[in-house]
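Lettered A, B and C in written order, each chain numbered from 1.
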Amino acid sequence: MMRKSHSMLIVFIVLLAPFILAGCGEGGRGDAAKTITLGLSYDSLESGWLVVNHAAVVEEAKKHGVETVSVMAEGDPSKQNMQIENLIARRVNAIICFPKDSSAIVTSIKKCKEAGIPIVMINRSVSGNILPDVQVVANNKAMAERVLDVFAERAKREGKTYKLVLLIGNLSDENAALRKAGHLQSITKNPDVFKLLAEIPTEWNLDTALKGLQNALQANPEVNLIVAPSDYLWPPIKSVLEQNGRWAKVGASNHISVVSFDGDQMGMQFLKDGYNEADAAQDAKLEAQLAVESALKLAGGEKATKNFTYDEGQIVTIENFKDVAPAVWSYRFLK
Amino acid sequence: MRNILLQISNITKSFSGVSVLHGVNFDLRKGEVLGLVGENGAGKSTLMNIIGGVFPMDSGTMELAGETYLPKNPLVATGRGIAFIHQDLNLFSNLTVTENLFIGKFPHTALGGIDRKKMRLAALEYIKRFSLPVEPETVLGSLPAGIQQMVEISKSLMQKARILIFDEPTTSLSRKEKEDLFATIAELKEKGISIIYISHILEDIFRLCDRITILRDGRIIETRETSDFTEAALIQGMVGREMTGVFPSIEKEVLKSVLLEAKHIKWKDKVKDVSFAIRAGEIVGMYGLMGAGRTELARVLFGVEPIDEGEVVMNSRSYSRLNPGLCIGEGAAFITEDRHREGLLMTKSVDENLGLVKMSRLLNWAGVVDRKAVDTFNQFVIRNLRIKVADSRHQTVNALSGGNQQKVVFGKWTVNDPKILILDEPTKGVDVGAKLEIYSVIFNLAKGGSAVLFISSEIEELMGTCDRILVMKDGRISGEVAKPEFDQKRLLELALKNDN
Amino acid sequence: MRLAGDMPILPLFVASFVLAMCFVPHFSTIYNLRNCLLQSADLLIISCGLTFVVLNGGIDFSVTSVLALGSVVGAYIMALSPLAATPAWSIPAALAAMVGIGLLVGLVNGFAVVRLKMPSFVATLATQLIVMGLAVQFASKVSQTSSISGLPEAFFVLGGEGKYFLVPLLVALTVFAVSDWLLSRTIFGRRVYAVGVNPKVAFISGIPVRKTIVWLMVLSGCFAGIACIIATARNQVGMASLGDKLFLTTIASVIVGGTSTSGGSGGVRKTLVGVLFITVLNNALNLLGVGWYTSMIVIGGLIVLPACSSHLLNGRNSRR
């Protein structure tokens, strides 16, 4: 009997060591936060954009003398909800959230409201009746329109016309819908430059995109411009163009123009190398700044005047690459 | 000292306080075939296991070729030249002949892998040497039993065996294969290899052996040249004990109604054609040697194994398909041979085990187990059967003595007031005091009008409790002996009888 | 009530709870304690179901996939189907569907184990994959988004929203009470234990072994269905990813609680303590900012605990 309880005791102490250690560390800063703390609930840090954005949020917060606490949901919406519950329990002053699922996050928004803790959505928006206090998103529609406008201007100068196919993301994703609208707006505005031959739905699925694009090129061999709503779709684009022998840089006779969105590593690299001609880059650092600013304002008691705060992004082209590219978040990853 | 190869002196061995070998002495000469005979439980296997290094003896000495022999494990025994050809062959039926021959002694390549080429060549050599009608790559399981046995013998010889122990080697062999085996044994003898041959087929013993040793109740009764024995004398030696058992004397009557009847039951090739009938109040014994098929019969009667052919009639209702639930419904009970694996939930309490069979008699209005009724009943059973346990709710059965455990098994079946009892070795591993108590229980059940089938390997026990005794051999009833004619020798004869 | 001897985990749980209360910031707030309890509700329900199966020496991997399929089907009924217009009809229909799916999956598992003689490990792994696949396919067919939203407000009551926070707890406690009653007071319970210790003995004693096993699987599936209701109501959307990573926590709760995987010993009371312990631990680790992977290491280590303690105990007791 003695021995049994002895060994249990040892196991027990080993197990609870982390509690005690952590508790001692945190002991000083118990409740009633003297320093302001922001809770950061992110889906994951899987993409380069998220890595840069998250780091920027933390840095921005530090600049304001504010602490941050980060939790990652690793692709599980119900875990994200649970983590936000815990953030609320820790009495953070405000929450900045990159949701895995825009619908599933609604219940967390409700909880934040109940607890009186402001919540700011970043990059992915939520629609419906229950909205977060502030949503910091890229101005998808305006940016999509602008990137094609810029492209159109150059086309007019060079006297070229373009027959294009338009790739479309998953339409239940707000971002994809807005980008499509923006693209179409520009196309309608510049009828002398653009002629739309086909729309290709991709559902944000690479395989669907591959097949759709392949079919479209075969049906319309005279296409000389592909408009993409995200750099995410580069792999199937490259693959299809390679298969058709049209993967070539600007200036080559078989080059086909591509305009994309996002400004991630792949898109920017291809832009630098000459395969891509224009990219509308989401500004990870700016969104971080805007989010932190809004969060702090809300935590201080101010009410939000408008629900959406826009990141207007940067339009990067081959021409302005040297000037504009360095400001884009993915620039440092380029070769 | 005519060339004694193995000398065994004063071996004793006990298991859990029960003495199994009481000072066994015998010797084995070089180049002789020594027959070893004895009833079930006489101690033959234990003795052979000690020689083969499977477990150590408690006291005594062994000498092999003049040197002390104390094998720590079977590997040592094999190393010293002792090989066992078991009844259920010690081979791997899913591996090839070659792999079986070299099990445990695979030749290695320089890198440490198995040198298959070398193995194959060596195997071919052995196959030629022993004229085995096999290919090296044949899967062992596909060969007939006789050939498998030859492979096993070859394996032993490959390991330079000087002594071969055969344990009931002919049970799975055809007549021709048996003859081949005997020829092989003759050859081995000529090569100077000694053989211990265990069998209960007396005819074969007489044919093969130079000397015969009789083992009874853990003692060597006598060892003589074969020519000095008659079959009758052999049998007398195997059973001729003084009857010292005490049995209860309880008056009871055998009634007219037949409660349990078996009609031409057949199951695989273990039960070939068995018919009998047991009346209310009757205790019918069933004797036989190992492998006779008694346990298999019992399992078929209770629906644990399916009936291949035939019918079981309980309470005048006839069944060709049975399961335990049905039998319990007919008021039958089955006490299995192995209570550890099939009779008790060893890690559970006495109370839980007692309640196993039919709790539906102890439900209250809500269909829920009535705790109070359960407790009352359990206490009653414990008192009645005199089960020695302090706290039946929490005491697990694996801590009880063998006798008490068996009483718990009885206890759980008596919930149902069983009118038909099938008992398979009900006093195995039970001490003398508890045995007597169990006999009383059986008697009282019979007195209350139950029909009892009492399977046992202890002749004395059967003679002391039964109204008549059936003897089973090779899946059939070879004979029946009524109470007035009870005789040990007669029963053993029936169990050993050859069918022509 | 001899608790401590039976449940080595109980003092451990109490101690860690006390430590958490004292040392982990924000743990002792009403808000957090309330969360803790709510978070444990669906875990408790699934774990009770799983306990039955583990008592039998088996395992049921498919419970978490029932959550996924039930969630999307139920959400579909309440938000997208023709019934959606009348919550008075759609909610009961959805509830029935969720439990029904659990029941069906349980039946399939039972059939596979009993008739096809598949070990429960293999059978339930197979059902897990199939049901998951069905969930994902169904979700993608009926909705563009990865989750189905627009569920009726009344449904959220079951998730413990606002003043209804007691509801999931009551459901969980009811399930627990029913399980405990089944195991300790009914014949079914006795049979479950008997079959778990030694199916041969159970068979010879007249217990309908096959029927019992099927019932176990069905119970496990149904309980998963009930847990699905609570979890879906809490997240307020139907998701094919519901329950994705839950299995580890579930089996950990059962094992840490003390129910033996070899069958025949343990019970839902032990599982209850196991669930509470793991929930408290998870919550505390979360509040301390310990990452997901580190928590997994801690929980994985915990599973070793009961094995160790039973080894220590058996060292004294072994009498075979």
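In this text, a contact is a pair of C-beta atoms (placed from the backbone, for glycine too) under 8 Å apart; a residue touches a chain by one contact, two chains touch by 3 or more.
Treat the numbers as computed from the prediction; the structure is a model and nothing was measured.
Considering every other chain in turn, none proves to be in contact with both subunit A and subunit C. Of all chains, the one whose CA centroid is most distant from that of subunit A is B. A comparison of C-alpha centroids places C closest to the centre of the full protein. Remark: subunit A and subunit C have CA centroids separated by 36 Å (rounded to whole angstrom).
Per-chain CA centroids place subunit B at a distance of 47 Å from subunit C. Look at where the CA atoms of subunit A average out and do the same for subunit B: the two points lie 76 Å apart.
Taken together, the subunit C residues at the contact with subunit B in this complex read 185-187, 190, 193-194, 197-198, 200-208, 264-265, 319-320. Contact residues of subunit B toward subunit C in the complex are 302, 304, 324-325, 327-328, 334, 336, 341-348, 352, 355-360, 363, 367-369, 371, 398-399, 412. Touching subunit C in their complex are the following residues of subunit A: 3-4, 7-8, 11-12, 15-16, 18-20, 22-24, 26-27, 29-31, 69, 71-72, 74-79, 81-83, 85-86, 88-91, 101-104, 106-107, 110, 114-115, 128, 170-173, 203. Put simply, subunit C touches subunit A in their complex at residues 8, 11-12, 15-16, 19-20, 22-26, 29, 31-32, 35, 39, 143-149, 156, 159, 161-162, 231, 234-237, 239, 241-242, 244-245, 283-292, 298, 301-302, 305, 308-309, 312-313, 316.
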